[in-house]
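Shown below is the structure under consideration.
When the chains are written out, they are named A, B, C and D in that same order, and each has its own residue count from 1.
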């Protein structure tokens, strides 16, 4: 932590501040510049808040952080080793991680009825997916829009799991629903709008199922990793990060701006596995294949793609869903890129 | 709702779509343009989702909304009359609304101990505040930062209420805590990070205390009003909107960008009372007085200002807090503007 | 300048770097932290580029600037004194500055014909304006939109100046036009889209007329002040900064987000006078009066307001223009606030 | 164009407006909705400005555009056919376009001296580049930073062209320099900061060399295509679009946010070839290879990559430059992806 003093700060004030830092168990090191004095703080500074330090004296101009604020999520603190998140599913163990094939997650925005969810599960499994996504509880901008079938949809997800062997990923929106969701889900999802719902983060961190943490739509990388830190600090080491598009000044043609460039940045900062969601990331089905291919080339560990048997009749997010047929067509294209970057498994024979 | 068809859309498809709209109980009106056909939908369209309509046919280029998506929050649906939110406090009834004096809300970011909260309450009351703000549960970016004293802090707020007669505004972060917070609070606050925590919105909408709804840091005006709509639709008519700074590309000198210009926009769209929070809005105490004065000139109904007896020792948000002395100095300056725009009450004599 | 080394940087590399800084005439001061080494650079560092320093070694993690990059625009380097920009006009000298009354600038987006510009000039002068704004050369998003009457419009501005005694403010878009514009204009305007047209900045800095520098629509405060620095460094000390709205994620109801909170920030950073343009800042005439009043309360030195005799027939920017009658009505409202903050002159009697 | 009237608009006003549209040669078609009346305008509306239409009556609530504002840049108006930009270079003709191999453009940010530019040119050519980029005139945030060697650097670029046969791409910042730049350059670049310098756009549109148009850092897709429209409308059909990163709320780890997802959007909107610049797009050399690979997988027509023989000593933009050795290593990786998507040529044997 570096404390920059204002021009003309009195010597006595600098000494008083230095003493205060010493009292905190830190070692202050003073540098007298041409115009300004700066104080370097040596010691255990990672959990200090720069804003709070600033308040010690009105003569402090600014406080600059040298250490990253996240620890458990940090690649550096993990000795430079990338983690695997290993998830048992009925059809076998699936591993998310930098040294494993790209894991495909597919399915509809929301679970609508038994037939559609089982049909979709069968189709995406046949095409190569390992996980079925599908919402029982849906965050919707309007109170008048379909809010998900809730608990009954959880039963349908369990049925699809049993019928196909796919793992289940579904979202939790309220701490009160966590227990029953975690009974069905193989991975519990925290959605973009709840990325800084700290009560929820603490509670998903205190249960055993792996957590998929979507990036908030205007969350900085640092805030996102701090949200992961909440889960890790609560005791759950299995966190997967999912980029799903950020909010920028231009929303005329795409609903969000897919920040694919976050991928190499995260690889330098964190050991956690990285998923990309080009469906929410772009908001339009016609842009999904291109961005899915780019994601694989950029080295993502997993892809989440919305697939709906009849997007025109979808109760939510229709415009960004692929049909099962379009997904069938996309997977072999992804495989070509995936093999080129050595991140693909043998493509299953399509038998539906 | 206006449906724009792609260039070259087949006549049969346009007819099929029109029939589908008729089946929904809408009246489609077709306009044949030079290059494109558009279909106007007449009927009850406010609750329709444009994205979903788009999915009816691949020949639909775009769907444009003519009606606002919010109803209960809308000025138009409220016959152009602005609402009052009337809050009983121990010291008397306080009214938030366009035709009433500016209501001052002040206090620390978080409740730290009995002495500080009661001392702060006394000082801000003497200066002219009608409500004490103070957090028992605090949303913090880092899991390692002070998270609020929780339930015990609620007791201290109750004590401050009793000691001073001020109304209490405090934040709820988890549906599980709502009941005990609503027992103490005169106004329940939903924070910026939970603006789209729809479970929470439904539950604060189903209890009787007025709700202060802060704008999410990248929420559009439309999303903000839809969040208010959740509360209103759940049965609670007493919602106050609070602008607290949005996230933009420049965060070097101010933590957020206070979007004061939202004030005239909201006045055209909604009947709900409007509060401005220049403390979070700028993130620095030295910018607060200027923006508080501008807010009063712009016609806000209420101001929320952070005041802490010793900002340097604050457990959270110190840099943006005024001292009680600075608040004492600010209120008469606000009064000068407030009287000029005829939105002030008689300034109380400072007797502390 | 603070150089932060990566964890595990070799001692020899730290010594090599330190030697290189010494060779540049700087004094490196090393602080050995618990995890990282940082090097403080003492000496003349204001003109160094942090990005370039970073390239000296792959072991450098980041470089933090302690000094502001701007000098001539800085309040600190100006010994804490605010500057006045004094402009002679036919009707007398007008001063822009923190210790002077608010200067009103008004007029149409573009000069359309002699009658309209002279009529508008008369009306805004009668209401209290000191300067007429009006574009001869117009930056337009579309090549098919009206591009301004160019040179002939300059003649009309000169006629309006002569007829009314108002000073003239008009925009230069091309270095080739500067000379003829500077002959007519009392203040030369650099528009938002050209804020980083460095060729243009150098050239307006090398001519004697004061310059109005509009903020680019996504320019940081720092970039804006560096653009001012270009003009100041080229020899022209008379620069007025004009905030005109920035680009954010929400553009549904207002064209831009007027960043009024930049006002107190600029007051801490720079000595240059500050103008606010609520017309471009909001993009809608109905929001202009509210934000104009807020600007005066916030302490702006000048206001620029679009006024057009017939906004419905304007060749550009009609929706954000006030009618002369609306401007007549607004000025006395501004005066009420202006007098409250002691920044107003005696309001002239309206005699038209 | 769709005109939405406010609730309660008087019949007489609707008739008056309709008459006015008829007078303009348009056919107004009225739809009477449940709450509002909308008027569809049939005829030649592409060049109309919605903001201007809105001014016709205070009873108009909003005006919605149905047609795109760009024509010559539009894929639709180009009958769905993608264009090629064919550039003769000393080493042969190079074609930019969707049905051609990815064109590699490489070189330093600025031309520093003869040895460095010729050495760099030789290395990037050997690795597979077809064009050398290098700045003679440099837009720099600070007036105290290196501004480019100007005219003398143009001579060095000509020498590098002759020595290697590479085409030259270099930036024009001032209309006054265009002629001498166009003598040396095979492609003239308009930089991000000048994307809406309309004087410059008109002038590069009126000369015969192809133009590389970089996206402004907060330009919407629509504004970018309108900037291209300026060049096309001035008579120059050879425009290449270059995405180079946009400005968002997070700039802590990457200088810009590379908006790779603009690629599929542009493919639906425009026939013009698309280049991606991952060097400026991310601002850090370590992120460039990943994003270059993603760009090829996403189907870009060209890549622009900064290469400098000694990034640590670069006079500008060092941190984002690859060394020639890193570029040598990258190209075969790109080739693997490029062949997978069938957009690569035979990789040349590296012989340096």
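By our rule, a contact is a pair of C-beta atoms (placed from the backbone, for glycine too) under 8 Å apart; a residue touches a chain by one contact, two chains touch by 3 or more.
Bear in mind that the values here come from a model prediction, so they are computed numbers and not experimental data.
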Over half shared or under half: which fits the residue numbers at the contact of copies chain B and chain C, same or different?
same
Would you say A-B or B-D is joined by more C-beta pairs in contact?
A-B
Hey, how far is the Cα centre of chain A from the one of chain B, in Å?
27
So the centre of each chain is just the mean of its C-alpha atoms; given that, what is the distance between chain B and chain C in Å?
31
Whole-Å distance, C-alpha centre of chain B to that of chain D, is 40
Two-or-more-chain contact residues of chain B, please, as numbers and ranges.
218, 247-249
Seen from chain B, its contact residues with chain C in the complex are 218, 220-222, 246, 248-250, 252-254, 257-261, 263-265, 267-269, 281-282, 286-287, 290-291, 293-299, 336-337, 339-341
Touching chain D in the complex: which residues of chain C?
47, 49, 51-52, 54-57, 69, 139-145, 147, 173-176, 193-194, 196-202, 217-218, 223, 226, 229-230, 233-234, 247, 311-314, 316-319
Per the touch rule, the chain A residues reaching chain C in their complex are 2, 4, 7, 29, 31-36, 38, 40, 42-45, 64, 66-67, 76, 218, 247-249, 251
